[in-house]
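The following block contains the structure, expressed as structure tokens.
Chain naming follows the written order as A, B, C, D and E, and within any one chain the residues start at number 1.
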Amino acid sequence: MTHKRNVKIASVVAFLAIVFIAVPAAISASGRIDLYYTLTSVALLSIGSAGVWLTFYIGRINIGQGAYALMGGYVSAVLVMNHGWSFWPTLPVAGLFCAAASVLIGLPILRLRGVYFAMVTLTLTEVARLLALALPITNGAKGIVSIPLPGALSIFGLTVIPDFAVLQNSRLAFYLLAVTVMVVCFAVMYRLVNSRIGKLCQSLQQNEELASSIGVNIAYLRVIAYAVSSFFGGVSGAIFAAISQSIYPSSFTVTDSVNFMLNCFLGGLGYVFGPMLGTLVLYFGWDLLFQTGQFQLLIYSGLMIVLMLVLPNGLLSLAEMTRKKG
Amino acid sequence: MAEMLEVSGLTKRFGGLVAVNNVSFSVREKEILSVIGPNGAGKSTLFKLISSFLRPTTGEVRLKGERISGLAPHIAARRGVVRTFQETTIFKNMSVRDNVVIAHHLRSKASLFGFFLGTGTAKADEAAFGASADEILELLGLSSLAEETARNLPHGHLRALGIAIGLATDPSILLLDEPFAGMNHDETMRMVAMVRRLRERGLTILLVEHDMPAVMRISDRIVVLNFGQKIAEGTPSEIQADDKVIEAYLGSEDEAIGL
Amino acid sequence: MEQVIANGLYLGAQYALIALGLTLIFALMNVLNFAHGQMYVLGGFITYTVYGQLGLPFVVALLASGVTLAVIGALMEKFLFRTVIRRSHREESTMLLAAATAFFFDAVILLLFGEKQRGVPKIVKGVFNDAGIIMPYDRMVVGALAIVFIAAFVLYMQYSRVGRAMRALAQDRVAAQLMGVRVDRYSMIGFAMGAMLAGVVGGLLVTITGVNSGIGGPISIKAFLMVMIGGAGVVGGAIAGGFILGMMESVGLTVLREYGDVTYLVIFAALMVFLSIRPNGLMGKPWG
Amino acid sequence: MNRILNFTNVELYYDHVYALKGVSLEVNEGETVALIGANGAGKSSILRAITGLRKIRSGEIHYSGKRIDGAAPDEIVKMGIAMVPEGRRVFPYMTVRDNLLMGAFTRSSKSEIAASMEMVLGRFPRLKERFSQAAGTMSGGEQQMLVIGRALMAKPRLLLLDEPSLGVAPKLVQDIARSIVAINRDEKVSVLLVEQNSRMALRISQRAYALTTGSVALSGNSTELLTDDRVQRLYLGGEI
Amino acid sequence: AENKELKIGFVGVTSGPAAAWGTSNVRSMQTRAAWINETGGVKIGNDTYNINIVTFDDQKDPKRAIAGMEKMAQEGIHYVVGPNVDDGAAAVRPVAEANGIIYFPYAFPKALYQKPASNAVLGMIANYQSGPAIYKYLKENKGVKKIAFVAANESDPLSQRDSGVEAAKALGLDVVAQNDTYQNDTRDFTPVLTPIVALKPDLLVLSGVAPANAPLLIRAARELGYEGLISTETAQDAKVLQEGAGEYANGFISVGGASTPEIASDSMKEFVTRYTKMFGEYNDESNTKVYALEYIIETLKANPKAINDVAEFKKTMDTFSAPNPFLKGDAKLSYVGTTSFGQKRQLSVPMVVNEYKDGAFQTLFVGSVD
């Protein structure tokens, strides 16, 4: 038991050391500065995917995460641009706004199951886009542009985070921000899943009727899980808006929603860290194939099919398979 | 003995079909009451109404004088009314033990957030649930299968697991929908003994079952439904002698086929 | 108004036909075929090549579209979906596979047929214009053909031996197997038929709307909508869903035009409300 | 008498659990054979092995002298084995008619199918009344009749029944039991019957096997087993 | 001696539903680059360079576009063509500015080209520049009074519609429809156009219409009995129009680049030939996209120091002038945009307004921007 625990602690420490120390060191040594943004994207998208994963965990196929990412981006952008907020407080507010919205939306639609839920969430992304085009506060088709970079954050006069605009390397700053948020989100997820709540979620996934017969408030639990999921989506969208310093109705689309979902599948629906690995592989896969020019999509999708055939339960099931054999 | 549960004028319509039609009866504390009747008579529907899985068209169900019909199922469960399912209903991909542990949900003292944080109460809950689950599995003879994935159990054990899940919620009234289906005589008799023990622990039990020998052995009273209506109510011997019941349900004995 | 209704009906017939193949595959295998739209596009391009470029008769082109897609569908079932369904723990996993095949088709189509919008000569010239209704003859022909195809398909599923076997398979695989249905073979036939339907609609509609390599994804999504309105996996539902969506678009675009781009917002919102009231669509079954 | 089924030394396992550990049994032409045993003893597994739904690990299965283990279910059905699976698996959204026609899926002669239909409807008049109703909306007992009728539509020589009395009201159980006897007698169909209602099973069968945890514990003549001490104790409970 | 290599970037969309935009764009660059390399490269300062086009498919996703721009920076590229849409162009701005990259988006938001922004150069005529000219021409020459707009419900087309409506109103035209939109996946436009045709406008403007949708819209309008004019301010392809709308497309007005016979120079004709040879089929949209690469090269020739220093490039822009190889006569390449953006951040490309006729474009009139 303690041995297992030690292994766990060691791997967490190793992971943190890699993302916070080894990766930046390697990047600056190799001069591949562009990787900062790539990895930042991976971190942010994996946060959104983590949310989707959580809805999978309660038995719902969620193809609507793009809607919340978009919403989060707009909340942050509007608060910064129209109300003069600093970026930092908008980050949790964007998440909470999305969580609140998802409660309202979730109450009716979480009663749906299977493909029905999937399809409704798919249209949700489209609804978000159309709303962003139609609402006055979003500045419609013209989007919100020239958003300033995150300013300094000080608590009790102590500067905790410097002003991104004056930084030599704001890429590194964004990378560290994204990775920190990612680590926090996955820690929360890990804890959720490995506590009794995880078991409760699983019970929803497997049989809602039975769950309610043993006294589980399924509606409540579903909404909570969906709200957490949407919170993640909102946060990742808000950071993206800050990086690109702009947000448009098309910043997150149905394609993004589908990708969030695919990241979860590829990593493996049975593993908390599946979405992280899935995002990394899918995003990097595309990036690496950049050399192949017009055949990029062909090779990319071909590899995806092969992966699916070999590891239909996700990349992380590979570990399980080898364990079983070994 | 006090009235535990009171069903009055309960009716449920599905479109044009009246599945349960103006049914009234009451259940006393620590009683074992069976509901029998032909296939499609409305027995399972009646159970769903009592456990609030369905909302009655008219009529109501009272638990110790308090109305419980029309609430959400998990609320009814909190009040102590829990049902098992006619179809074998379990959490398929969890281990047998986890199935039972999770069913202790209602007994938890810690909040969801408490579980998230892993507070002392939460830990105490976990430990208590585990111990209780082991006890229940032992009681139902499932101990040896505790770590098996539930989906792989044969039919009969699935039913037992269903009951174990029901028990774990610590109900005051347990509604068992065909608990003996798919069990052979020996197993049935063991289950009968077990249900009796539960009653001795203070549970009130409602039962739907087609296994007549078992029903006759176990029941204090029997309610008979036909086409949604109550056609008889009484002790096992009264029911066995009731012509209407024989006509609608039991059939006359036929030695040639052993029934 | 007559015009609006006529538009809606015509659009509905077209949509219903698009949704059929999708719902068939879903019913049989519980696979939401993300590549449905891409199959449609491929069908369109085949008809474009055979009829538009090679100048062969339209019927030949349509046949070519149908047959090619049927073969592709059969191969996909046999070599991709069957394996994944057998080996994966959760049946949603097929979604990743379906999405990957959709991307793959997109890539292949782009490489083979280029990025441009393509069109073919009209199959019938002229425009019907009477009683307040304007409708080009070719649309009327396509609409009528769509209805004929739908009817033929429904009758086939209802009364033929193969159709019956496929329905049985959709409802209970094991029981169907015990009736002597070769599950593998009929899944393959079903998948092939679904793909063939997509190909035939693509070929049919290329005469009116043309085709380009990028529209596969959006077409799939539209087909999902219809299937959802009617109820997943139900043939009648797909048809109803197609007509409802067609009518809603036609009426909405006329009635709501003053308010800017809200028609689709209204359609989507209505859909969400509708589904929260009827979680299985119009005639859906409690599975899926 | 002719052997119609020879089930020799069969082992079958799921993942890592052995369900059958070397089971042998046989069914003769025209016989009704009962298979009784506790939950999880492996009764259903035997039927699954015969119909090819599950591959066996070792042993042999012969039907009418032909070896059938390893063949696909559809081939086995075509040879004349029909199975009524556990838990009334009707095709719920199909009509009674279509359900019955599905039973005759492997046959091609229209007139013969019509004759079988006639026979089934004669045997179960309730099905005739419900001919165009969706099977899923029928009561449990009616569904049970339907699946038996559907199996008969294949004109089988060997009929496998898995717990046909499960969840069926007593009066209907009687009806079903009578039908099984009649089918066996009139249609010259051999029957392998899995039943928890052991008394009924032993009454209507000629021979029986009792299974415990994957092996045959007892076997013999049904009437003798009915009075056998061990059977009395284990499966009949001595009294009613 | 071996030629040096000059890398020019392209970040745009070459797959998915909008593949046509980026594809016509990148192919025109590749054609020109291959041509230059084949004829010995280009001499900038003391060195001769071969042009290498580095392409990145952003899938029309602004987030990917940023990655693309980062990649360009990583490759040491300072001149990038693209992205093709508004959101992508806005998203890459921070990266371009931080890394000293001049980019040539095909996007119209003014904020991209006005101060404090300074690294984006508009590579074509914006619709708020061409729209008024077209409407004015049609008002004066074809008696257009009533005008109707229809656009896809997406950022780019809607923005273009809004500025179009504004321009039409300024000209005193009667705008009878300005709220009609369609979902971009629409394949049958009859329902969209039915109410608009009933209003009997003299001119129907297809704002920001994708080349794939244009023939479908035209055909649906004509089949519904619409008899007025139809125009757009985006570039179109004649073959697509011919296949998709046949003779219904006759009279359709759009903007183009330089390939119509009236104005194309011999170089332009050779360009078309080479493009066709390389890719099987020419795309008339490419006409408007031949310029960016040409400008980059010519400006670098004018100031070789700019090759690694965009500040030098910007300096040169103010005074730069070179002959325009694609047009007949003595047209010039230069930077403009002072009126619209307050600084020279636009290529001076001719505003060619075309009319489609039987499978080809004819030049209606040629204008210019300052």
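Note that in this section a residue touches a chain if its C-beta (ideal position, glycine included) is under 8 Å from a C-beta of that chain, and two chains touch if they have at least 3 such contacts.
Worth saying up front: this structure is predicted, and the values here are computed from it rather than measured.
Any chain bridging subunit A and subunit B, meaning touching each of them, is missing here; the list is empty. With contact taken as defined at the outset, subunit B and subunit E are each touched by A. Relative to subunit A, the most remote chain by averaged C-alpha coordinates is D.
The most distant chain from subunit B, with centres taken as the mean of CA atoms, is E.
Inter-chain spacing, taken between the CA centroids of subunit C and subunit D, is 42 Å. Averaged Cα coordinates give subunit D a centre that lies 74 Å from the centre of subunit E.
Rounded to a whole number, the gap between the C-alpha centres of subunit A and subunit D is 53 angstrom. In whole angstrom, the spacing between the mean C-alpha positions of subunit A and subunit C is 32. Among all residues of subunit B, none touch two or more other chains.
In subunit D, no residue reaches two or more other chains under the touch definition.
Shared interface positions of subunit E, defined as residues touching 2 or more other chains, are 14-16, 153, 158.
Chain pairs that touch, as defined above: A-B, A-C, A-E, B-D, C-D, C-E. On the subunit C side of its complex with subunit D, the touching residues are 161, 164-165, 167-168, 171-172, 174-183, 285. Across the complex, subunit C is touched by residues 56, 61, 108-109, 111-116, 118-120, 122-124, 126-127, 130-131, 133-134, 254-255, 258, 261-262, 265-266, 269-270, 294-295, 297-298, 300-302, 304-305, 308-309, 312-313 of subunit A. For subunit B in complex with subunit D, the residues that touch the partner chain are 37-40, 86, 148, 152-157, 178, 181-187, 189, 210, 212-213, 248-251, 254, 256-259.
Interface residues of subunit D, counted against subunit C in their complex, comprise 51, 53, 72-74, 77-78, 82-83, 85, 89-94, 98, 101-103, 105-106, 150, 154. In the complex of the two chains, the subunit D residues touching subunit B come out as 14-15, 17, 36-41, 44, 86-87, 139-142, 163, 166-174, 177-178, 181, 196-204, 234-237, 240.
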